[in-house]
Amino acid sequence: MSDLIKEFDDYRSRMNERLLSDDNKVIKRIFNLDTNAYMPGALDVKTKELLGLVASAVLRCDDCVKYHLKTSHEQGLTKAEIMEALSIATLVGGTIVIPHLRRAYEFWEELENLKID
Amino acid sequence: MSDLIKEFDDYRSRMNERLLSDDNKVIKRIFNLDTNAYMPGALDVKTKELLGLVASAVLRCDDCVKYHLKTSHEQGLTKAEIMEALSIATLVGGTIVIPHLRRAYEFWEELENLKID
Amino acid sequence: MSDLIKEFDDYRSRMNERLLSDDNKVIKRIFNLDTNAYMPGALDVKTKELLGLVASAVLRCDDCVKYHLKTSHEQGLTKAEIMEALSIATLVGGTIVIPHLRRAYEFWEELENLKID
Amino acid sequence: MSDLIKEFDDYRSRMNERLLSDDNKVIKRIFNLDTNAYMPGALDVKTKELLGLVASAVLRCDDCVKYHLKTSHEQGLTKAEIMEALSIATLVGGTIVIPHLRRAYEFWEELENLKID
Amino acid sequence: MSDLIKEFDDYRSRMNERLLSDDNKVIKRIFNLDTNAYMPGALDVKTKELLGLVASAVLRCDDCVKYHLKTSHEQGLTKAEIMEALSIATLVGGTIVIPHLRRAYEFWEELENLKID
Amino acid sequence: MSDLIKEFDDYRSRMNERLLSDDNKVIKRIFNLDTNAYMPGALDVKTKELLGLVASAVLRCDDCVKYHLKTSHEQGLTKAEIMEALSIATLVGGTIVIPHLRRAYEFWEELENLKID
């Protein structure tokens, strides 16, 4: 696994575990909801992942973008689909999204290399 | 047509026309890109409309939400699909999205009434 | 009750009811969490209302500000306490908060008049 | 004076007066700073007004945009200069700025009509 | 002192000093106001620190969050109080606040370790 | 060249190249527009760079701020002009801009050292 992906994964997992070991119920329920919201329903999982990706990109949250890129990759979304979603995010959110687009593109390319390995 | 929809449409059309009669090229090209970005490509039009809707909702732009609700309705998206997309937006963007969700829900219901007429 | 307060209350109640009659579970749970998060715990209700008020003010959500002003007023918070909280919001969030501060101040004054009635 | 401009001016003046009659020192000083920051210095007043306008537009604060349009108009800035500044705001801030651009354009046209009267 | 805390403190102190050695009066006054706004008044210092913390968290400013965590810790606020404040921030600001919550939690735990040392 | 500037430049150039080698037309056109928008027109290049800088600062995009500081420096803007623009950004955008102001100040000082070399 690439360093970029591994570093992101490790920190996220470790801190989520520590956060959830804390007894704050509101935070636990928000984490729980976050899992439920992306389950298949009227919309399929792929579409929901793209919605999460675009919401994260326009709000310029790099870690959220990385998380949805990773799950999108696991769901078999293609680079062309990801780039179209991110192009809408860049248009709606403006050129301030571009630095996040650069980091998203780098992360996606590492995810694709990973697949080949 | 309901007053809410008509008022939104009329103001938007009238002001877009005035804006585009101005000779600012950057603004004209952004409007042009806005049309192109939602054309079918690797993703279909329905998915793209949902992406535009969620981006607009988390950025809390009522007029942008209304616009994407209208085009989503024209594309045949169902209320359940719209509500799932908006539920992701509310989760990602937080409870400050709720007032916009109320106005979106009202607008969608008027769009559906319109269909019956 | 003043028109400003009544109009806000009526629209909010009517649309919340319509939203919750819809069968989207994620949205229902977010509404539910929103009630739980402001219950007394390690922090008392007054402090939590002020936190909700300041979060709403820096994110510039007028309806959220009005809601927290109303509950703050019901909890017996004073104008001086509200203004100190809003002054922190204006400093942290910048002068773009000022138009929202004007509307918040007007709403609070109507809430206080209401008390006298 | 047009109704749009008069309504904006009247509410803003009335509420600023009420806000400043309150004894919150932090808010008073922020208002004071707001006056000082746009005084001529290393940059002239016209440039500073354009900076205030673009900051307001990308942060999507209609009242702030109107205020800076009004002072920009008083300072003799031209429509072409205003539109170039707003085109940069729309590019940097994305298409969610467009509804604010429509309202800004309408307000500016009313300011220009006013000049003729 | 932990590396995380020390690195944050050192950079912040060094750059604030350089910024304030510059002769820009508006920036100096904003720094000055920032000190005054958190002084005891109608609200006590603990409440004001929590307000600053929540405002910083929903606006997703990691350095601002760290600063308020540090002062909150010095003021004797407990982990349970901090977590309730941050749970409100996460609910109001949405799941995009979660990556900042992870970093805030890590920083707070280091502050508590520090206390034991 | 300082490490801070070199690192920013290298990553930006490398990733822009990779992004533009992808065949997404919307993204290519946004990049293209980004070049056109800062060309001389009714406003000169210096003013436009300051507008881009302030828009980037209030939206708290460090990489965008660095980019506009670099071009502003190449255009011969002075430190006093940059600081006045950034003071307006800090006032309009609030104290959450301060961490970005620290990083902007550090970057500008490195740009000025570079000039002497």
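A few remarks follow.
Labels A, B, C, D, E and F are assigned to the chains in the order they are written; within every chain, residues are numbered from 1.
To be clear about the criterion, a residue touches a chain if its C-beta (ideal position, glycine included) is under 8 Å from a C-beta of that chain, and two chains touch if they have at least 3 such contacts.
Since this is a predicted model, take the numbers as computed values, not measurements.
The chains that touch both chain A and chain F are B, C, D, E.
Touching chain C and chain F together: A, B, D, E.
Looking at which positions face the partner, chain A and chain E present mostly different ones, since fewer than half of the interface numbers are shared. If you lay the C-alpha trace of chain C over that of chain D, the rotation comes to 120 degrees, to the nearest 5. Inter-chain spacing, taken between the CA centroids of chain A and chain B, is 24 Å. Chain centres here are Cα means. That of chain E falls 27 Å from that of chain F. Centres computed as Cα averages put chain B at a distance of 37 Å from chain E. Residues of chain D in contact with two or more other chains: 26, 30, 33-34, 37, 55-56, 58-59, 64, 80, 83-84, 87-88, 90-93, 95-96.
Taken pairwise by the contact criterion, the protein chains are fully connected, each one touching every other. The residues of chain F lying in touch with chain C in their complex are 58, 90-97.
Listing the residues of chain B that touch chain F in their complex gives 25-26, 29-30, 33, 36-37.
Those residues of chain C that touch chain B in the shared complex are 11-12, 15-16, 18-19, 22, 24, 26-27, 30-31, 34, 55-56, 59, 61-64. Put simply, chain C touches chain D in their complex at residues 60, 79-80, 83-84, 86-88, 90-91, 95-96, 98-99, 101-103, 105-106, 109. On chain D, the positions that touch chain F within their shared complex are 33-34, 37-38, 41-43, 47-48, 50-52, 54-56, 58-59, 64, 78, 80-81, 83-85, 87-89, 91-93.
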